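Written below as structure tokens is the structure these notes are about.
Chain IDs A, B, C and D follow the sequence of writing; residue 1 opens each chain.
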Amino acid sequence: MAPKKGLLERLDEGVVIGDGGFVFALEKRGYVKAGPWTPEATVEYPEAVRGLHREFLRAGADVMQAFTFYASDDKLSNRGNESSKKYTCRGINDAACRIAREVAEEGDALVAGGLSQTPTYLSGLGKTNTQKEFQRQVDVFVENKVDFLIAEYFEHVEEIEWAIEVCLKSGLPVVASMCIGPEGDLHGVSAGECAVKMAKAGAHVVGINCHFDPFVVLDGMRKMKAALDAEGLKVHLISQPLAFHTPDAHKQGFIDLPEFPFALEPRICTRWDMHKYAREAYDLGIRYIGGCCGYEAYHIRAVAEELAKERGKFPKATEKHEPWADGLKMHTKPWVRARAGREYWENIKPSSGRPFSSSMSKPDNWGVTAGDDILKQKGEKTTEAEIAALKAKRK
Amino acid sequence: MAPKKGLLERLDEGVVIGDGGFVFALEKRGYVKAGPWTPEATVEYPEAVRGLHREFLRAGADVMQAFTFYASDDKLSNRGNESSKKYTCRGINDAACRIAREVAEEGDALVAGGLSQTPTYLSGLGKTNTQKEFQRQVDVFVENKVDFLIAEYFEHVEEIEWAIEVCLKSGLPVVASMCIGPEGDLHGVSAGECAVKMAKAGAHVVGINCHFDPFVVLDGMRKMKAALDAEGLKVHLISQPLAFHTPDAHKQGFIDLPEFPFALEPRICTRWDMHKYAREAYDLGIRYIGGCCGYEAYHIRAVAEELAKERGKFPKATEKHEPWADGLKMHTKPWVRARAGREYWENIKPSSGRPFSSSMSKPDNWGVTAGDDILKQKGEKTTEAEIAALKAKRK
Amino acid sequence: MAPKKGLLERLDEGVVIGDGGFVFALEKRGYVKAGPWTPEATVEYPEAVRGLHREFLRAGADVMQAFTFYASDDKLSNRGNESSKKYTCRGINDAACRIAREVAEEGDALVAGGLSQTPTYLSGLGKTNTQKEFQRQVDVFVENKVDFLIAEYFEHVEEIEWAIEVCLKSGLPVVASMCIGPEGDLHGVSAGECAVKMAKAGAHVVGINCHFDPFVVLDGMRKMKAALDAEGLKVHLISQPLAFHTPDAHKQGFIDLPEFPFALEPRICTRWDMHKYAREAYDLGIRYIGGCCGYEAYHIRAVAEELAKERGKFPKATEKHEPWADGLKMHTKPWVRARAGREYWENIKPSSGRPFSSSMSKPDNWGVTAGDDILKQKGEKTTEAEIAALKAKRK
Amino acid sequence: MAPKKGLLERLDEGVVIGDGGFVFALEKRGYVKAGPWTPEATVEYPEAVRGLHREFLRAGADVMQAFTFYASDDKLSNRGNESSKKYTCRGINDAACRIAREVAEEGDALVAGGLSQTPTYLSGLGKTNTQKEFQRQVDVFVENKVDFLIAEYFEHVEEIEWAIEVCLKSGLPVVASMCIGPEGDLHGVSAGECAVKMAKAGAHVVGINCHFDPFVVLDGMRKMKAALDAEGLKVHLISQPLAFHTPDAHKQGFIDLPEFPFALEPRICTRWDMHKYAREAYDLGIRYIGGCCGYEAYHIRAVAEELAKERGKFPKATEKHEPWADGLKMHTKPWVRARAGREYWENIKPSSGRPFSSSMSKPDNWGVTAGDDILKQKGEKTTEAEIAALKAKRK
């Protein structure tokens, strides 16, 4: 069998579709704990992780991102998280890579290893300590022969530059993606400047993931592209937004919305939002198009179906989904059959069914960023007194 | 090992928690086609069906309902559905029972076999033909030694009475549940009268599933209970509502909402809605408390957590979910830690993030019911001309 | 000049259009104080009262209702209202009648004198005391030769029966209108039964005013009409609803909505809502069609324009308002000219421009009615301590 | 009696409160036609115009702006408006000045004469023709001895510069106010640059009126102030926004919203919005604080009450309005008395009562500006064919 094409080769030739989010999907299924959000499920419930990978593969994803989100040692032991007592970063990440590879081989997908921002950086512990955390993770990825690395979910461009530096030593292609919006990073660096810095640091693909909805992320990507073009920098672009509508989130994204993380349901994007997103991302020149928190398999399938012509193929899961709702022609109720077709769904503005809810929220806006005392990492469990103090601060 | 307690014994002693919906969850995962909504996945993708059963078991479900929704032979061949060419009703239901049993044995759960309303009845083909469809399904359930039978998702009380008659011959406990709201069945029989008729037909447990949100369903249940009490009928009660808010749905339920089935996202209930539902259902005297379309594992877990004291146990999945959001105490951002606790989440009115959407929709209201010509079953594929005619009728 | 036709003659022949609300309109203009809502402006600022009458006359109103709302002596001295020190009920009502007559003579309108519910009744002081308050007002109306009497804004059918009894002694036609919704009066008498009681008490015209929006009021009117028909009672019907949308108000109406009275703006009806109201009211058989709080001249004009064909004439104010927005054809912006015409406006669902507001509120629901201690009238000013106690009760 | 202080002297010393909008208020009362929006009511119904002036005076307005909006000869004869056949610009404006003076003398108010943008400019007829229209109006104002001139409601800074030039020749103080938002004028000149140009053209007071809600207007004012400060230009500032919420309006303002002009009701600001507006405007350094379309007397009263301390006086109309809802202490219902006080009203997010409406609209966005053929003025009536063509363009 011919070896698989690599990431950069694929991006040069066409579209690469990313997968969706693991922590939110597995939290709902009962395998991840909201709060710590750590991926010990790779060891505890490998079947569940494998099942989710398969859904994304079927939906058209070209990348199986090993489920290693927030699996740095410092994160595993933050504020009373029990995981570090039972599992090591190495063990979790090793299992994650094996599962991702297993499913990737069921299709033509690549395996990616991912790094995220660290409590070490947020606690102000400096470059050496922060890079040590990254290196420990990269070592596992390299041993497991992942196809490329993704540094993603960084709020400060300084930290992702350090991550890129570590990643590049592996010799693998490096994707760098920040969780910022059009307003830029949390230290005030503009979105455009962030892109330029990531490209100059050597990342092969740069862009944005998480924290904002597809259309806010694309606004940020427009700024990144303009800045890269102005500097004459040639890199590929990636976008992996939330599948939650966030027109009201400010600089720090959906974390600040009062609904985060347990009442985001009314904000969940439809598959039709994803058609629109995929088309706009493609037209903007983005070639690595995926999703992050909130993306389930059907959202990725919608991306793949929208770009089926460009990719020359439909995803496997289209077997159970005639594009643009044509499957409704088989519905028993005639008025539902009348809803088959693109025009109906492309224009729907779905009602919330919630007459006591508003359309927008005021985000919490505490304005703290890396280095602030309140962000310092702690190993021990948060105390009730600390929580009471935080609640008093809230209102 | 002692044999498992049966359904009626459990209901006499306390609360039985049902599972959630399969067709909507598996549609999103890529294993069920919206429109026909048939469960051939039991044969095609047994791993995916098994995975979903496990999530519900972990979440606290006491019942594994075999995934046989709409798997009558007439439904499998309706309007160009390809499934009947490849699979028989018998094959699909047989596989469904085996998967359900396998997972049930991983815990203390019971296995239920389910019947739903038939195109045969809607097409006006009479009692004999309709009961023949039911009998074929019941035969498979009996062979597979299910623990009890559920006749659910019936819009006409006449049809469910016929189903109960068939089910009772098996000698198994029979649960009867209609997809109606407080306004009653589609032929104008009141909710209370429906309950009385089901009880008099011999059902051991009666109630409502699907079509409406938890709070609308409970309004209907209040009417059922009042009517049963007035007649002095002693049966157990079941409620298995949607996990979608439907304050605007009329008699025919969420099928009539313009968002059905591909833009219901903003209506999805939160876990906190489920706490409220479970408490109100329990206080009303309902003892079989579960969910239907839209219910995912975390919704069932919320029901189980709300009733943990009454049941003397938490579900397994609580391992990854400290009740009332206490896991947020481990979040890295202090303002998210401030959201830990019941008061915050119990009172949230989550915003939609959709400033161009309204809170309610006008349901389609074609007013056709069983026997109308437009509802007649067809084996052949729907034509484009028929769809065009339906669309013209819509507006 | 031929004498004007009387109310009953006009109702027998066709439609009588009522005027709009005075207290809300004059409060915004600076001439009425919200809270006491008393009409001392008839003495203090007669020009302002006259100006508002003229607007309604121009808009098509056939009735000039003397501005005597809540001008009973007991109301004038309730809870620190200063008006009673300066003016008497007699003085205020006398002035009101003279102004109404003056403007009525500028057209073909009739003058009506109005009574409302009294603090005396709410304080449980009995029939004799309550009727004494009514009689004092009726005496002034009779002296001023009003054309008919309206007993309106009653929450308890018992009190309006007492009012009708007093009114009938005048020999004038008597209109009786309660501020109730489809749920009936505050003592639990159904809307239908209220209508029957008013008719049996001798009122010539019965119906509903205030407290609910046009469409909720019409729901109540349907119940009234059905009950009257069932009893074979022949009386004319009147509806004079709010011009505020109140789908969320319960039994006690808009008073209970948290927005009452100073944040009702987003609920204000458009002129197009009034077209719909007028048509539905007419089709239901109502012949006295007017408005109450929130109705401004343009709302009454819309009623008159909708019924122009039935009435054989347009109102004078149509001079400045080509029906169904045809005046927009003269707008300077072409896209506004494109909005001329009925189809556009008849179907508009106007946005609120308020992304932080919900569509519905939870009404306060203290459940107190006539006779409750907390409703007792007081002459002296409310104390701060009493207000603090009430606020504590609120939350 | 000492002569009244002039505008600039007043602005140097403290706050000047403007009046509210005439065309919207008088349209609702039946005296102005929406579409042409011309003020022939000054001749036809002087009592109605006088009554509205008095309401604003009572509410605290220090300026009586003669009701001359759009009363240039070219506007009076645009697209079939009948007014020009009956009245001349001179006659209308002359009457407007006399009425304004009469009411101003009832208090301590100043009289202002106003100019607005012209069809002549929009039709591209050049500086000479445009200034001729302005001169004709200024002549009448000077003859009537107005206290100062306002050039307001200009969408293009070029045209207002021409207007300022004409106004300055009168020797009177000149206020210059554009109907633009933070995005600047319709030819792409930034808000800041517009302010600088107006100041350099010689205007004594510069700012923004109409087209956007108070908070959008203040965003624009912040830009104007920053630009003026950067240039070291010392002029006074004016803001006279809409009383409609317009978070969704783009560059051309509320005209483009689909609700304009006949379904804006849900967007109407409350008096509490006006407290907030007045405070923010004052804190920003604006000293001429008034309103435009949608402002009724109670909105102006709220501005005056908010600034009562700074001005050392309450408006007369406070007689009927105890600040911050204290009048509710006299309400008959105890739960309404519990709503007395600032905290309740300052924080209310009023519901719309409209479950089928969204919170935002997509504005029409035809992108045509001065000089475009479609904006050319026409004397003859618009034809049905032209309207049909425009409607086709709309959708």
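Operating definition for what follows: contacts are C-beta pairs under 8 Å (C-beta built on N, C-alpha and C of every residue); 3 or more make two chains touch, one makes a residue touch a chain.
From a predicted model like this one, the values you see are computed outputs, not experimental measurements.
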Of all other chains, the one whose Cα centre sits farthest from chain D: B
Comparison of B-C and C-D (more C-beta pairs in contact): C-D
Separation of mean Cα positions, chain C and chain B [Å, integer]: 48
Geometric centre distance via CA averages, chain C-chain A, whole Å: 58
Separation of mean Cα positions, chain D and chain C [Å, integer]: 32
Interface hub residues of chain C, defined as touching at least two other chains: 248, 349, 354-361
Residue ranges of chain D touching chain C (in the complex, touch as defined): 27-36, 47-48, 51, 54-55, 58-59, 78-81, 119, 122, 213, 244-248, 255-272, 296-298, 301, 316-317, 320-322, 325, 327-341, 345, 348-361, 364, 366, 368, 374-375, 377, 381-382, 386-387, 390-391, 393-394
Contacting residues of chain D [partner chain B, same complex]: 248, 354-362
Complex contacts: residues of chain C adjacent to chain B: 349, 355, 358-360
